[in-house]
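Multiple structures follow.
The same chain A turns up in both complexes below, where it pairs with chain B and then with chain C.
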Partner chain A sequence: MNNKIPNFVKTNQFGLLILVIVFICIFSFSTDGFTSRFNIYALSRVVALDIMIGLAMMVVILTGGLNLSLGALGVSAAMFGGWCMESMGIPISITIILVLAFGSFLGWINGFVTVRTGVHSFIVTLATMSIYFGFMTLLTEAEAFRKLPEAFTDFGSLKLFNKYISPLLIISVMTCFVLYYIFKYTDIGRKLIAAGANPDAAELSGISVDRMFIYCHMLSGFLAALAGIMLTARIGAAIPSMAGHLGFDWLLPAFLAPVLGGTLLSGGKVTVFGTMLGAILVTLINNGLYLIDVGEFWVRFFLGIILLGAVLLDRAREYFTVKNSIVS
Partner chain B sequence: MSDYILELNNITKNFPGVKALDNANFRLKKKSIHALLGENGAGKSTLIKIITGVYNQNEGKLFLNNQEKSFSSPNEAMNAGISVVHQERNLIRRFSVGENLMLTNLPKNNLGLIDYNTVAKESKKWLDIMELDIDPNTIVSDLTVAKMQLCEIAKALSLESKILLLDEPTSSLSPQDTKNLFALLKRLVAEQDVSIVFVSHKLEEVFEICDEVTVLRDGKNACESEQITNLNRQKLVKLMIGRDEQIIKSKKNIDFTDESLLDLQSINTDLGHKNINLNLKKGEILGLYGLVGAGRTELIKCVLGLDKINSGQILLNNKEIKIKSPKDALEKYKIGYISEDRKKEGLILMHDVLSNAGITVWSNLKKILSFLNDSIVYNKVDPYVKQLEVKTPSYQQIVSNLSGGNQQKISVAKWLASGTDILFIDEPTVGIDIKTKSYLHELIIELSLKGTSIILITSDMPEMISLADRIITMKDFKVVGETINNHNYEEMSSSIMGNIHE
Partner chain C sequence: MSALLKKDWFGLGLVLIFGSILISLFKPAFISPFNLYVLMLSVSLMLVVAMSQMIIIAIGQMNLSVGAIGGLVAISFTGLMEVYSMSILPAVLIGLLIGLACGFINGYITVKTGISAFIITLATLYIFKGMNLGITEAQPFYEIPEAVKFFGNAKIFGPIPYLVIIPIIITVLMWILMNRTSLGRYMLAYGNNVQSSELIGISSTKIVIYAHVISGLLAAIGGMLVVCRLQLGTPNIGDSWLLPSFAAPVIGGAILAGGKVDVIATAFGVILVSIISQALVIFKIDPFFVQIFLGFMILLAVFINRYREYREERRTKVFSDE
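Let's look at the complex of A and B:
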């Protein structure tokens, strides 16, 4: 009898989708300006970034680990990009490649140290967070790069689709598709998931678990650097404090999106589109609450409550993982 | 008044979609050792869980000392004098033996602090009853596996238990330890008024120690409180599986003077292996026998590159090789390893059948840009999963939902699919029902007949003697004997045990 219900309906993502729609309805009716072109455009710029940092965290959670250095890493990469463009005059396209390579390198450091020492990535990235951010502040003397090429900053304020959507969102959505493809349709993606789910069994089945974990951290660094570039384009400058002190401002959305989306904290299960929906939900609630004008404190309060709820959900999910497929 | 201490009448237990127990009866006489037998899924564990208060039955009654009881938690059952000694140890490894024994009722001094002298004295009492020579201050993790097992029993006794349920108590014990355990159990029954329920897959043990037998099949009684003297092995197996047991023997002519396929020469390892020499011929099943802790699994793991080999050589077809990792072993040298611990090392329980069965072949199957989809993997592994008759509703089924036997078949299937020339098979039938067991035995023989060379590790002597062509005996990380198997159980087992106890 259950067979008549399509499988999609039973998944976590479906529940999230319903929630997103419910919140859109609530905020549309209860606030002025939620559906305005200006607000939707602003939302699309914020959501784009939240999705990207959610994905960056997701690929490390896949290993059963965490990447606390995410924000520090992203900002460091962005500052490096600002320096390339402003001080060195390197063309935009080459700068982007350099920044992504730099981010992957910082991610590699995280992964390498984690794998070699056997210390939990929570501790390793707590340390590298401080190291990356401290080094960056030292080198830049906490000065921003504000004279970036116009072509670069113009991209960040470009408006598409009848001026409703930022191109940044398109980058994030495309990244989702690429990641989904990697995890679902490649040999390497399957190995990453297997290594995350049960390192011992994966190792004995002929998978180099250490290498897979390092790949996950590199991918995380890559995505965080991409997020850094996007943020730089959005605000038109590379500023050391643009993700808060030590990059803390990124941490809450980085956790919320994948955990709400259905990624298991113990590793071995990723949900790319769940993470996307999770990021959308978080941004919506954030934005809606500001529009309702409940005040800064309540917004943080609610986000904290949502994170706790999401973690409880994660516990429950470990029992029910059973029914969902591994990549979704 | 009946002389039963425990009686379960017409017990029925339903789970969604399954009738785990269907009108089952179980009667335990005072001061007896009663075997509870059945294949995996026959309802043994459900029955035990009802006795110990983990589950409640849907129908039927439970009497303890002729009084009707119903336990709503394991704690209540424990307080009523029923204790289980599980396969998995329930001791806290970093606590001392005394602390573990007294854990639920630690004596305190006037200041409300733990009185360690009394802890030692009280726990010594129970250790003495069991004639166990263990200092109560020893930390549990320093004990041997066998001693831990005995401490668990001491712990159960210290709770004044009158009924002991032993679930596969000998699975990790050596024959000598098993003998000691049995002597102890017999004494407990005679001197301490204890009644014992004994669950085991090893039928030899049942005949050695039990008075009565109850067999479950598909949730029903296949026999009920049958005297052991009325039964023999064939009858018992027939009761359990519903048909006669097929005895399998490997019949092969291997010329042991042939060149070796794999040759370990004077291997010394980081883990303590000393001067290991052994060689494997093509198509041979080479048995590695030894007690738990003899270093067999560890040796294999060193060969696979997981631990360091300090000196010595590994030759494959007379060429020296260096295996850096299991990945290396699989991809470069076509060597695979079926782990003894399928839940931790053999399978990814939270993943589905397809990804578990296909994990070893992904690398070979990938197309350009590492592309790989489910149907490519399916086409590759389906023949093997079918050949092994894995019972699963679909390839998308999560492996942890399958029975132990089917899980084991999948952890074998993935290595069949990988097409290795050499397979290390470690304890392939632990905790597996007789039907699947004989199936796996046939398969291992068939594989070797087709040319796969196998190193088989097993602590199950009958299994070793029916499968292996040649048996190497290990003890304390050394090779202590080598015997060509003539498949005569008495001769072989005494020669092997002779090697160990020399």
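Let's look at the complex of A and C:
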């Protein structure tokens, strides 16, 4: 315990921060255009979404579960928003509230079924993934909503801070702070963590674990819906295939960010800023791979390798910290 | 009779028989030879995929990379024959070897690091799929030997395709493995309770690696069967396997926590899913409904299994004999 190194250095957020800085250095020296205004702006738009998706997954991982339906849910909510704005002519602000409520409702379904059946959320969300996506495709007939209000699409292409940063990134960073506050300082946030860390103990101390798990799934649905709206604003249209078939394109960033950020898959631990750094790292690497020109077909391969490397490194770090703490 | 009632596959079997009779009463086209042929083809392909997932469910894990392994093997198999003009047998063997290697990687990393198989196979899913796309650059291989095409197309007699032979053999072998060999029982014991299985001397390294290797081999066979069926090797083979691979074992009553799988029930699960998909097509229902339906089927199966467990719990409070 009489170590001179401050605690912060030992956390994996610190390791991530170093990695992010190292990668920024590598990419800015080795490639042209990484630090260009255009590229940084593009990065900020992508990273905003990855952070939000990562957070949406993180709050379910907190319960020791998973949410495979994340992408399908987000796209369904976004399509619902597109329908509200284009077909029903509902004002933007009300639409956003409706979409977020809709996302939370879909999340509630996930949570309710998981809690009531006692089946792992993996299988529940696997089923709801295909149900949500199927209904969405059926109802929209796979048609996109392209005539969205200009005020909405303009927001997505707005450039702030000397045209470097997208306002979407500010939303994501603000969400991080709000979540950090909730988990750190509020009663409900601590109950959520307690329920995830040790359900039996939490139940004994008077926390309704089932309700907490449902809240986590609702929060996940809320954040996924928010990500869906942000993606719609970024593209300027609500397109059924914008997250790939069944929303699968969201899955890798969704797991990468929290896992890199040090969220335990067994539940009971959240790292909001770790998830943020994880998402930044993923976006950086993804962007860098394209700039280095590894060939777009190999990008997926490298992302897989990086995920594998990240979890192995994390394992090694855990192993050594355990070993060190035994010695001291 | 009461022993029969307790089996997982019994209820499913009844549903299958009555369902088929009902559908064919409404639409006689359902039992036309052509339709049966199509049905058998889809059952045979999904059977192999479901078995590949089932063996991993048995040890209480999941394998997201089943489709990616199948796709990688499919394009390697066709690529070897087209680009390197290799003959069929060595190409099949190399395909199997690739499946074996992929499975070994999954199992080895999972058991040596203790990281959840979900994350490991998510990573390898991207790695295998990335290799697939990197090699093919998303272009399919079209040059397939006639013998392979024949195997995928021809019928033994009546509506029965040659393609069903291998899946049936695999199902029988899997049944023997899970019910009659010590390896299969060790796997179930491991899936049931990792700690206690280690206490009675079961090597978890061996069990996990064996299960993943078998899963990889089956995924490889599935990939090559799809090549026979489609008569070409496209990079997107295996992309749509994830949902059905879990649907069949879950509908067949496998508990996802591991330790309980039923080969016959899984096979019935596959047939049920295929019949429903087919029936929806015959009744001219929007194909997107098939997906929604599959989702609801999984949820329904989950609820039924939960209910049965609940009843079982109440009954076993008073010890009763078999």
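Here, the second predicted complex is superposed on the first by the 306 of 328 C-alpha atoms of A that agree within 3 Å, B and C clash if a C-alpha of one lies under 4 Å from a C-alpha of the other, contacts with A are read in each partner's own complex, and residues count from 1 in each chain.
We adopt the following convention: a residue touches a chain if its C-beta (ideal position, glycine included) is under 8 Å from a C-beta of that chain, and two chains touch if they have at least 3 such contacts.
Since this is a predicted model, take the numbers as computed values, not measurements.
K.L.:
Please determine, from the superposition on chain A, whether chain B and chain C clash or fit.
P.N.:
fit
K.L.:
Examine A:Ile188 and indicate which partner it touches, taking first as chain B and second as chain C; both and neither are also allowed.
P.N.:
first
K.L.:
Between chain B (first) and chain C (second), which, if any, makes contact with A:Phe38: first, second, both or neither?
P.N.:
Touch status of A:Phe38: no partner.
K.L.:
Just checking: does A:Leu204 make contact with chain B only, chain C only, both, or neither of them? Give me first, second, both or neither.
P.N.:
The first partner, chain B, only.
K.L.:
Tell me which partner touches more residues of chain A in the superposed arrangement, chain B or chain C.
P.N.:
C
K.L.:
Is A:Gly268 touching the first partner chain B, the second partner chain C, both, or neither of them?
P.N.:
The answer is first: A:Gly268 touches chain B but not chain C.
K.L.:
Examine A:Leu303 and indicate which partner it touches, taking first as chain B and second as chain C; both and neither are also allowed.
P.N.:
second
K.L.:
To the nearest 10 degrees, what angle do the lines from the C-alpha centre of chain A to those of chain B and chain C enclose?
P.N.:
The C-alpha centres give an angle of about 70 degrees at chain A.
K.L.:
Rounded to a whole Å, what is the shortest Cα gap between chain B and chain C in the overlaid structures?
P.N.:
In this superposition, no C-alpha atom of chain B lies closer than 5 Å to one of chain C.
K.L.:
Overlap the chain B and chain C contact sets on chain A and report the shared residues.
P.N.:
none
K.L.:
Which stretch or stretches of chain A touch chain B in the complex?
P.N.:
Result: residues 184-191, 193-194, 197-198, 200-208, 268-269, 321-323, 325-326 of chain A touch chain B.
K.L.:
Name, in rising order, each residue of chain C that touches chain A in their complex.
P.N.:
62, 109, 113-116, 118-120, 122-131, 133-134, 136-138, 239-240, 242-243, 246, 250, 256-257, 286, 288-292, 294-296, 298-299, 302-303, 305-306
K.L.:
Help me check something: in the complex, which residues belonging to chain A touch chain C?
P.N.:
66, 113, 117-120, 122-124, 126-131, 133-135, 137-138, 245-246, 251-252, 255, 259, 265, 295, 297-305, 307-308, 311-312, 315
K.L.:
Name, in rising order, each residue of chain B that touches chain A in their complex.
P.N.:
Residue positions touching the partner: 304, 306, 325-327, 329-331, 336-337, 339, 344-352, 355, 359-360, 362-363, 365-366, 369-373, 396, 398, 400-401, 414, 418.
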